[in-house]
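As structure tokens, here come the structures.
Each of the next two complexes has chain A plus one other chain: chain B in the first, chain C in the second.
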Partner chain A sequence: MRALRKYGTVLRLSLQNAFVYRSNVIGGFLFYTVFIFVFFNLWRAIYREGQVAGYSLTQMVWYLCMTELIMFGCKSNIYGQMNEEVKSGSIAYQLNKPYHYVVYQFFNAAGGMLFNLIIYGILAIILGMIMVGPIPGFRLANLPFALISALLGMVINFFFLMTLGLTSFRLEENFAFFLIYQKLVFMLGMFIPVEFLPGWLQGITRCLPFPYVTWAPARLIVAFSWEFFREVLPVQFLWALVSVLSALGMYRYGVAGIQAHGG
Partner chain B sequence: MKRIGSILKLIALYFKVNLSSAMEYRGSFLLQAFGMALSNGSFVFFWWIAFQQIGGRIGGYDFKDVMFIWAVASSAFGASNILFANMNNITRLIISGELDTFLLQPKDVLINLLCAKTTLSAWGDLAYGFILMALTQGSADGSAWAMFLVGMVIGGLLMTAVSVMAHTFTFYFGDASLIGGMALELTINFCIYPEGIYRGFVRLLMVTLIPATFIVHVPLRLARTFHPLLLAILLGVSLLYCCLAYWFFYRGLKKYESGNLIITRM
Partner chain C sequence: MSVIEVRNLNKVYRTRIKEAGLRASFRALVRPVYKEVQAVKDISFTVEKGEILAFIGPNGAGKSTTIKMLTGILHPSGGELSVLGLNPMRDRQKLSYHIGTVFGQKSQLWFHLPPIDSFVLLGAIYDIDKGTLKKRIDELTERFELEDLLKTPVRKLSLGQRIRCEVAASLLHDPEILFLDEPTIGLDVVVKQSIRELILAMNRERGTTIFLTSHDAGDIAKVCKRAIVIDHGQIILDQPVKKLKYDYLNRKHIAVRFEVPQHLEVPRGVKLEKSSQMAARLSVDTRICSIDEAMRWLIAQGGVADITVEDPPMEEIIASIFQGKGGEAS
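Presenting the complex of A and B:
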């Protein structure tokens, strides 16, 4: 219980920090708006040619608003921070603190992520309403379930990025892996719903963690069904567990090789 | 003429020094370039899926056209970030007072400042354009290759000019890093999607403040149907835009106040 309270305090402080430095989001707001505007134009041009994989244009634009929202919500720079702390050696100052390094980093970033989710959520709703109007058949009662899925998506993304960042314990250069991971998340669910992929690729994609970061929660928002919720939630839990364990494992493996010298 | 020769010599010297410094960390250099090329490659997948779903044209472009604009945009971005990577740091250099160092040197301040840094991963962007051209346009299409090279050079200069112009606002209004970042982001976004998806005001923006039309869309038109007048317009507008950015920077520089910061460039 005391441990939980400790991390609760870290979360509260990081949330307070996010509110204090709220002017930082102005740039993010502009970039988010540009992304949505460009993709709205692109998909409008695509839909001029016909229907796509069972999604209407309205659903598609809302889908993009939601996937971008989750990605902006996930924004935590954890990959860059891990690289920096490991390479500069400043991680050594945190090893003797009364908390678990990996858990601390999560709660320290969670405040900012929650803040992002709230404010970009407001922007996403405004942009979606202006561009295509309300989501057809949307029910507010289903929103909490979609939010659970979104939070799990953020957890999966955070811990996989942390794992990649922590590889700098053993690798001199890991930027290429970061780019590949990022693009897999973009292409397998964020820019294109999994239903758009060719049949053979859909099967493979559903076995990978990438679509469960944005595709699953975004689809629950634009086209909620209990059947889909029951299908994706256990898989999301499983990938969340795998991502947490991989971050913990990489941390343990990396810390075992640290040599600290006084001075 | 002598002045242009001196500028080109300076660019070539910086390129040589930056490249040999990158080669000191060969592994890191190759990994970053490879990662960037691979990362860009994922967008081919996106377009392949989109065209497969539609089976026709998007915004007036077919798959081959989209790959052409992607190739030009990627190589132009790569070239500008290899030669003039400091274009992204102009605001920081002005605010921190690091600009003083460049003012004291007997070389053109803007060119000296722009060339002083390179981005390793930009080699991946540059190479990606060539690979994409070879894979999607074929080696026999001479006009496509010629326009790709023209687009790459003009595009690289225009992207740099856009960035210089946007960051120069720092001299007038203080920190313009957001404007600088946004201007380049918009330029890239307007370059990598078919022109026909945009309408009205955005189309106007694309031929004026954010000259994306001249970076990729006009070279594409020239590659498909060559017209000497259109080429002359492309060259004229690009030259005018670059001169305007150059003039705007020097006009802003007159407002610069030194912070008397002492730094060492090694």
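Presenting the complex of A and C:
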């Protein structure tokens, strides 16, 4: 109960804080719109007719709107922030507070992520409707299940990025890992659905965490099926658990050897 | 009853060293060389409940390292440490409910939000029930004169206003010990004074033990009763602030103004620092010439319009300790 109030207040405050960055929202809206528009045209040129790997043009455009939406929702700068806090030593000053640092950081970022998810969600729906119209066969009743998947995707992404940021406890430079992670998430599921990949690569990809950030939830929105839901949700749970444990582990490992100089 | 007990505390840092040049960079990549730096060497002291202690020393002396070990942020490399009967490293979370910290250069307030929001958050973090929190915020608002600041975003506050909010924030959970690391850094004289008064008031009214590190001689002279001087990780002095002044600079400064022009012939033990016909600034070595003697001599000169007797500033005292002049300060 106490923990609920503690982290609930963090979440509420971080949501409040998100409203401060209005100019960021305008820039983000512009970027999102241009990105979707460019790829809408690209897909229109690729699709003469019919379907590619089970996705129609309408589904493909909505897929893109959704994966990009989840990525915007995931935007938390947690990697940069962890790097900065570890390198500047300011992480040390948060250790003597009665909360768990990793949990605190999650709720601290969650406000901004929720805010992004809602406002970019509205933009995504408007853009999708204008460009290709409603998603064929979409049922509102299925949306909550897709949202659970989207939230899990955001959790996976958040904690893996946090883990990468926290590696700066021991690594002087970890940006390369961040770039590799980002590109893998982009290529394996965000930019194109996993079904578009060659068979051998699909097999490997499904065993990795990257497609479960955007591919699983976006597909559940554009082509919901209970079968797919039952297939991906346990995997997402598993990766979420792995990501949380890796962040906690990296945190413990780092804090044990913390060396905060002067002040 | 002692609230802080430190015995033979040590802290050794391992830092990577690299010589200048490309070749050295390559070598450091393949086989890094480490150097050990002893930040804190075998220090021991105790702090009693309700005490106001100054922990002073030059940059890099080990002040902040010690405070970080006391608050559970850093692991000691050796020695024993107990704060409120707890081991800060093992019981960090438990201890955090009973201590408050202000690190002058690190804010615990949300930059874009008004302080009241941060207060509410800290209330939740410290598990203070809503009624108590409201009462406590009201109390601190009145004491720290925060009414006009509570609803202004922190980024729009001046440094002095922000520090006032920081100190108030660190007192929300009514801690038994307040650690202040350079709380008045960068503040102007008036604000410094008001922060000092607030710290003193908290000590008086709530019996809060104060552990303060500072560069500012005024912080120590005006707030603290006891001072520990640390240099190169070792305690070089631990005594009452009064005694510190007495032992380390047996001098008084006297400023005198005359109604008629005077030509002063100073007695032994009195040094003329600065003089004109109508005024003089004297430094008295009280071991040779007592203040009583010095005043009698001055009055005997006739036509004294004004006299001010001052203690030497703390800067001078600390400087003389560091210069190793000690009791022979002259």
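One rule holds in what follows: the second predicted complex is superposed on the first by the 252 of 263 C-alpha atoms of A that agree within 3 Å, B and C clash if a C-alpha of one lies under 4 Å from a C-alpha of the other, contacts with A are read in each partner's own complex, and residues count from 1 in each chain.
Here, a residue touches a chain if its C-beta (ideal position, glycine included) is under 8 Å from a C-beta of that chain, and two chains touch if they have at least 3 such contacts.
Only a predicted model underlies this, so the values are computations on that prediction, with no experimental measurement involved.
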**Chain touching more of chain A, residue-wise (chain B, chain C)** = B
**Item:** chain B versus chain C as contact partner of A:G199, first or second or both or neither
**Value:** neither
**Request:** Considering only the touch criterion stated at the top, classify A:A92 as touching first (chain B), second (chain C), both, or neither.
**Result:** second
**Asked** When the two structures are overlaid on chain A, which partner does A:R5 contact: first (chain B), second (chain C), both, or neither?
**Response** second
**Asked** When the two structures are overlaid on chain A, which partner does A:Q16 contact: first (chain B), second (chain C), both, or neither?
**Response** second
**Message:** In the overlaid three-chain picture, which partner chain does A:M187 touch, first (chain B) or second (chain C), both, or neither?
**Reply:** first
**Prompt:** For chain A, which residues lie in the overlap of the chain B contacts and the chain C contacts?
**Reply:** none
**Asked** Once bound in the complex, which stretches of chain B touch chain A?
**Response** 27-28, 31-32, 34-36, 38-39, 42, 45-46, 49-50, 52-59, 121, 178, 181-182, 185-186, 189, 193-194, 196-199, 202
**Request:** Using the touch definition up top, name the residues of chain A that touch chain B in the complex.
**Result:** 26-27, 30-31, 34, 38, 41-42, 44-46, 49-50, 52-53, 172-173, 175-180, 182-184, 186-187, 191-192, 196-198
**Message:** For the complex, give me every residue of chain A touching chain C.
**Reply:** 2, 5-6, 8-10, 13, 16-17, 20, 90, 92-93, 95-99, 256, 258-263
**Asked** In the complex formed with chain A, which residues of chain C make contact?
**Response** 13-14, 59-60, 64-65, 67-68, 71-75, 92-93, 95-97, 99, 101, 103, 105-106, 108, 110, 112-113, 117-118, 120-121, 123-127, 181-182
